[in-house]
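Below you'll find a set of structures to go through.
First subunit A sits with subunit B, and in the next complex the same chain sits with subunit C.
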Partner chain A sequence: MSNSILVVGGGFSGLTAAVEAAEMGYDVYLVEKESYMGGRVAQLNKYFPKLCPPTCGLEINFKRLKTNPRITFYNLAEVESVSGSAGNFNVTLKVNPRGTTPQCTSCKAGEEAATTEVPNEFNFGLDTRKAIYKAHPMAYPNQCVLDKDAAPADEISAIASAMPAGHVVPDQEAETVQLNVGAIIMATGWKPYDPANMDNLCFNSFENVVTNMMVERMASPSGPTEGKVVRPSDKELPKTVGFVQCAGSRDQNHLPYCSYICCMATLKQVTYIRENNPDADIYIFYIDIRSPGRKYENFYKKIKADEKVHFIKGKVAEIKAGSAPGSVVLVAEDTIGGGKIEQEVDLAVLATGMQPTGAHDQIPGIEYDDDGFVVEKDGITPCGCAKRPVDVVSSAQSATAAALRAVQTVRRAG
Partner chain B sequence: MSELTKVQPDLAFIKGVMEAGGDTVNKCYQCATCSVICPLSTEESPFPRKEMLWAQWGLASKIAGDADVWLCHQCGDCSSYCPRGAQPGDVLGAIRNNAIKYYAEPKALANMLTTTSGVLGTVIAAMVVWLIVGYLWSLHTGESFPFPEGTVAYHKLFTFVPIDLVVLPVVGLVVWASYKGITSFWADINKGLGVVSYTGTTASPALGVLLSRYLVPAVKEILAHTRFNKCGQTAERAKGHKWLLWSFIILFFVTGIVFFINDFVYLLLGLGHFTPMPLYNPIKILANIGAIMMIAGIWMILQMRQQKTEEGTLKSSEQDWILIWLIFSVGATGIGAEFFRLLNLAPVAYTVYIIHLATVVTLFLSLPYTKFAHMLYRTTAYVYEQWRKDVLAGKAGFGMEKEIIPPAETVSKEEE
Partner chain C sequence: MSKKIGLYIYTGDGIKDAVDVDKLVELATGDLGCAVVKTSDDLYSAEGAAMVKADIDSEELNAVALAGVSPRYDFPGFSFPGVYVEKTSLRELVVWSHQIPADAEDADAQKEHVQELAEDYIRMAVTRCQKAELPEPNKMEDANTKILVIGGGVSGMSAALEAAEAGHEVTIVEREAQLGGFAARLRKQIPVGPDYSNMVDPIANELIEKVNANDKITVRTGTEVARLAGVPGAFRVSFKAAGSKSEWDAPVPLTDEEKLDENGNELSAEEQKAKYDAKNEGRHDYMEEDPNAEIHGAVVLASGWKPYQPADDEFPHLAWGNAAVVTNVQFEEMAKAGNITKPDGSPAKNVAFVMSPGGAEDDADFPYASATTSLVALKQAKYVREDYPEDGKAYIFYQHMRTPGQYEYFYKGLQDDPGIFLTKGAVTEVTPGDNGLTVKVEKTILGEDIEVDVDLVVLATGMVPTTKDEAVVNFAYRQGPAFRDLDLMGGYCDSNFICFPYETRRTGVYAAGGVRRSLTIEESLEDAAGAALKAMQCLVAAQEGHAVHPRTWDFDYPDFYFQRCTQCKRCTEECPFGALDDDEKGTPKPNPTRCRRCGTCMGACPERIIGFKDYNIDVVGSMIKSIEVPDDDDDKLRMVCFACENDAYPALDMAAARGASWSPLVRVIPVRCLGSVNVSWIKDAMSSGMDGALLLGCKYGDDYQCHFMKGSELANARMANVAESLNSLGMEPERVKLAQVAIDDYDKVADIINDFVEEVVGMGPNPFKGW
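Presenting the complex of A and B:
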């Protein structure tokens, strides 16, 4: 029997659940797969409801995390298996090596010594990183990562010797940690749906067809293009941008559910593009605009009032090469005006949806539904996007609720 | 939005579409993926998204006034990309089946010929008719009935006189029903176009213009299967259909020649019987090629439809299978009759021949009443589509054709 609580996932939901449970007086283990906390929110430029940068909500949670002695957290860690029942779960963790020590907070010297460049997954491959890196400047914990497999051995030793002595530990090994917990909160979040699956949208054929998460990274001041949403092919600001809504969502061949956030994400990204370039024309192809709640509805109204933003009711079902170099043509039926529309744009943004992490990576001992969402069981409570597609506000609410449920579980069992 | 239209859903129509294989229609949420994916959908009047909405709402008159459903060859691309499993391709197929019934006169024949039991009944009834006619004719000729003596020759059982006595009334009925169907369909789609003169008349083409400017190009397109070949996932289906269509043309042609030579030339010159022709006769060779193409074509269609139905790419209704098996029976009994005649197996040969005549009459009678009528309505829709373009462009309708015939001809020559 254990009174402690395991939170799987250190994104907005997991962080919230962990600090809420700890602040109620329970011991919490927080496990995060990436080298940094904050998950998908950390990748955004701005987020709803206040359209503030991710730091504004994450910083406060990082502070609560840092100052609460009841929370033990692991980064670069994965849950390998879960067994047992409510009140008494046995959990095996694998903590992967970070290759550095906690005082290693600046990678600069090592980065200069490194030569090999690999695609930067934090920026969805829009730029590259070195074998020693920090995912982003505001990363928490503020500690470099050595990716031993990203470069040859002699380059790794060159990096190690360029860094201050004792900072880099290339031969660190993975550790296995056994935990006994009373309740588990699953906050494993989501991945952007792979746009290559929609063969008719030709994501891999055209460089200037990007995803909404790529736009977030481009718009972010710390992103690969320093806050400018540009065409990947020539790094120019696009004069026309087309948004393809429901790219994969509400589609039984892809994600059968509505991903909830993509409409608002597009409306938000319209503001990025209009700030970058006041002359840009924006075309939004949609089935229905879903802007749930008064605040979102008002935001939608505001964007709709912009005469440079054109809404076309009809899903883009074909993307082909345009006449101007790098441009693409979005083909849809205008279901209100009638007739087919072939809109040439400089940049096309696929509003891809959310696929729960459980669709690809499942933890033995956890039950998932057909789409990969975690199924709630006694002692195992999903929250945030591991449970269903939601925005940040709802994630935080469901995380708090999950923390309460976990506390109830351990009290009942204890 | 100046005036409000009250939608009067025709519930019976929705039910009819759902029963005819379009039971998925209500899953559609109007994303319009289908209209873009469709390789045949046009720029100005894309389909099948609008037809899905009309079918959901029970707007029977809107559907009746829509030629676009006939421009679909049911490749199933829209269905496989449909995010909701609404199967627009199958719904359009169901709408077409319904439309054929809607335009059929008398409806009882359509109801009978679209069920398996009805078709079997019709074939048996036709066999009975042929036997009665054959018996009465044997009284006149003095041949023994049902199996005339001597070498097998079918003119001993029937000459053209009893055959024409049975077939010509059927031809008359089929021509009348086809004419009624096509003209009501044309009137509906022309009304659907919404182009009305200031006196309230709708545009209608003169017959000559209709034939020369619209029917000829439409038929050329149909013979080449230009559109069917564009049909995404099931483009292979076009091959079997093309073989079958050409076999019908060949068989129609040889039947016409034999009818002319046998029933007129030989009769007037008193030469006796033209048939049976020896196997080396060019007409016979052509007829045999037609028969083999017919069997091969319908077999390809059957295989493809079975495969695509199993895969779930397209749904097949009872009507689809009836037509396939009826055509197959006509071909098989035709070749069988010739084969057993050559073997001189009188009882088998004459029996197969009677079945052949019965299936031919049933197939022919089916023309305006069953899926077979797609020949009439799809051709009409092809013709209409060209005409609609010209009317909307102000180049045709209300007597405008005459003035612009010369420029239109030069344009079409340039295109060629």
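Presenting the complex of A and C:
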């Protein structure tokens, strides 16, 4: 039997669940597969509807995390299997090597020595990074990462010698860790739905068709385009932007449910584009604008007041090449005005939905539903977007509730 | 306690190239009197930690200053219990942020600036080590662990069951004669989990049974809270019969308007007291203790919502006032009681549901509507089909159908029903006629305007939080019985924080369910569990003696030197959390478990009598005074910068890491919150000859980002007074400036500093320099 709690996933929900449970006096293990904590929200520029930076709340939670001796956390770690039952789970973790030591917090010398550039996954391939890097400037833990598969062996050695002695350890090996815990919180979050699955939207054919998550990275001051939402083809600010809502969501062939956040995310991204360019025309193709509740409705109202934001009720059926270089045409059925609409835009943004991580990556010993959401079982509590598509506020509620479930489980078992 | 200080200087990451480290060592061993001074290229390694630990043991050091990387970074092995540890940043704040181009003509002069900057950060760090003490936890070991739940609807009952399941005693107080709230009056409800395609029976009755069967839960129906006094861990709760008056009703302070006479002049203290007494006649003073009060440790506020009741003259175009036009709540009552009927009692087989009242002009839903309102309309359309499966027709006219997440499956489930007609459209008019009501709808999804004759029209009105019009909790606090700034949130008892929804401005009271947000029953169940956890957790914090969110790591608590208190009441009025009460004279009464340790009281106090062990007027004042100010060099003006440690300070760190440079004339001091900045620090800076002070804090206003709500706003008001004082001394008020900086403004913060420095340099030196 164990009194400790395992939280799988160090995104916003997992981080919240971990600190909330630890502040109840329990030992918590937090396992995150990326090199940094914060998950999806770490990639966001601002939160709707306050337009405040996600790193502000993360900074508080990181401080709660690092000052709480009850929390042990692992990055670059995966849960390989779960067995046992409430009060007594056996969990196997694989902790992948970071290739550096804890005091290695500045990659500068190594970056200068490195020559190979690889696509930067944190920025969805919109720019590149080196073999030694931090995912982003606010990354926590702030320890550098050596990706030794990203460059030839001699370059890795050159990086190691350029860095202070002992900071880079290329031959670190993965470790297996066995944990015995009383309760498990599943906070494995979501992935953006793969836009390549929608043939009609031609994501892979046109450079100037991007996803909403790519827009978040572009809008971020530390992103690939220094805060400007540009056309990838020529790095110019677009004069016309089209948002394609429900790109994959509410669609039997893709994600049958509503992804909850994409309408609000688009309304938020309108403010990014407006900040870059006061004259840009913005076209939003939607089925319903889902801005429920007082705060969200007020935010929608603010955006509606912008005369250069055009709302068109109609689902985009097709994206095709436009007449101007790099432009694309959004083709939709206008369900109010009738007829077919063709709107040429400089940049098209697919408001892709969220797919639970469990749709692709499942952990043996955990139960999932048809959509890939985690099913609650005695001692195993899902929260946040592992449970259902939710916004950040609801993730915080859900994670706090999951912390209580875990506490109840270990108290009952104890 | 006298300090034996060890200073450890990190020399890696370019520090030793940019700074003359030997001179720093000389300064520390000489003038600063450090017992141990060591340098290391790899200070933060395991060996570095072992070296510090060995010195602590052999030299009996009781304070350690680490000068190197930003204090936001920490490293394994650097925790030294019983030893005060101060970290200062040479890497970010000195070296990275002051890059000297190799070809700079004035490289030597610049190097001198950087050296002086490094020396000042060393002075400040050592000074802090000398002045600060280690906090001692203020443990409330006898904290009462019983939870009070206000409201016996699904959120309240669920919170009570959750807390009981975790081992706590619980009292539920419910105004109505029975438990259940709205949810008990439903005919059917929206699902609370998979499968999401069909309605389910109300879960409220099951919850009522569970509550009644649970011996840890005491239920008090027909009861309200007259007043809630005391502190987390020992709230004193006075109950009363619902709707009755009680001598223990919480007194209500005078509003700002009531404090003025008819000419707008402030009434004297005696006059105010008389007016206050008249206003609260028959009620005991808020500090008086009710001998019959029942002790509880923490509170879950689940008082729920009230149906939005349109005014008589509201929505005339929707024929509101006609007996056949009802709200969704009225319709639910009818559907629960029996069949769906017209006002004359005959079957209502054709029912229209109107989601948005704005006609062709506005597509917003009704006030206080939400996804729940959309779902309820869908559910109620199904009632029409249940009652009249052969020929019942339900029309749902919506602008935006809001069924997020898996609730989409519920919506989908309806779309196959041939008796349910769903269309987007603007309902422009409802007119009574011979055949009931005619509903006119424009811009429908069918591409045309339509008219439908129906027997009933149901308005999808919203859910108004109970806190909008009532105090509900009735705090017997110095700041009054209600939560503050509810207007900002439309009356919702919400935190205004996306990341931390459970925060309220009254420690120990956590809101759940419809009082905070319009939620479905499923969401309310989860929300109740979260609020229950927060209530339980604040008791753990009280027992362990640390703050609750956001400074959960903080075991310190402000001390008051009451002998010098002048009863100015600023601390009691400005505390964002209502932590301070007062006595008849106005002397503050601290309540440690209500306090969040932001230091707003310390910043407010003109007598400088409030402080923390490791963060007080003397600690920061001494740090400022330790800065070396050349008194005859116009190229070496000095400015202090107070930076919010959670947002502005990390922004500086990031700016430096990303290669931004700013003026070396500025010395940064991290502060808990700008609200904690006492004007005496500005005076200290100016009287020690410094030339300006810059405050970097969070955004304020409606979308405030300050986690202590008002910090930067209060600081801004205080600085206006400072500006006046400067003016009266013949100094430019612009020497003191506050800028709002978000944590991601790292691309802007260097410019903000440089612009300020340029402005001050333009004004020339502080005329009192060298006095």
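Worth a mention:
Here is the rule we go by: the second predicted complex is superposed on the first by the 413 of 414 C-alpha atoms of A that agree within 3 Å, B and C clash if a C-alpha of one lies under 4 Å from a C-alpha of the other, contacts with A are read in each partner's own complex, and residues count from 1 in each chain.
Criterion: contacts are C-beta pairs under 8 Å (C-beta built on N, C-alpha and C of every residue); 3 or more make two chains touch, one makes a residue touch a chain.
As the structure is a prediction and not an experimental result, all values here were calculated from the model.
By the document's definition of touching, of the two partners only subunit B reaches A:316; subunit C does not. When the shared chain is aligned, subunit B and subunit C each come close enough to touch A:250.
In the superposed model, A:335 makes contact with both subunit B and subunit C. Considering which of subunit B and subunit C touches more of subunit A, the answer is C.
Of the two partner chains, subunit C is the only one touched by A:101; subunit B is not.
By the touch criterion stated above, A:404 is placed in contact with subunit C alone, subunit B being left untouched. By the document's definition of touching, of the two partners only subunit B reaches A:200; subunit C does not. In the superposition on chain A, contact is made by A:20 with subunit C only, not with subunit B.
In the superposed model, A:166 makes contact with subunit C only, not with subunit B.
250, 335, 338 are the residues of subunit A that lie in the contact sets of both subunit B and subunit C, per the superposition on chain A. Residues of subunit A touching subunit B in their complex: 200, 246, 250-254, 287, 314-318, 331-333, 335, 338-340.
By the touch criterion given at the top, residues 29-37, 41-46, 49-50, 80-81, 83-85 of subunit B touch subunit A in their complex.
Put simply, subunit A touches subunit C in their complex at residues 12, 16, 19-20, 23-25, 45, 47, 50-61, 63-64, 66-68, 101-103, 105-106, 108, 137-138, 142, 164-166, 220-222, 226-227, 250, 256-260, 288-294, 297, 300-301, 313, 335-338, 369, 371, 388-390, 392-394, 396-401, 403-405, 407-408, 411-412. The part of subunit C that touches subunit A in the complex is made up of residues 12-13, 41-45, 48, 69, 72-76, 91, 162, 165-167, 194, 363-365, 367-372, 374, 398, 400-409, 412, 424, 443-445, 447, 490, 492, 496-502, 517-518, 523, 526-534, 536-537, 540-541, 544, 549-550, 552-553, 646-647, 650, 654, 657-658, 698-699, 703, 705, 707, 742-747.
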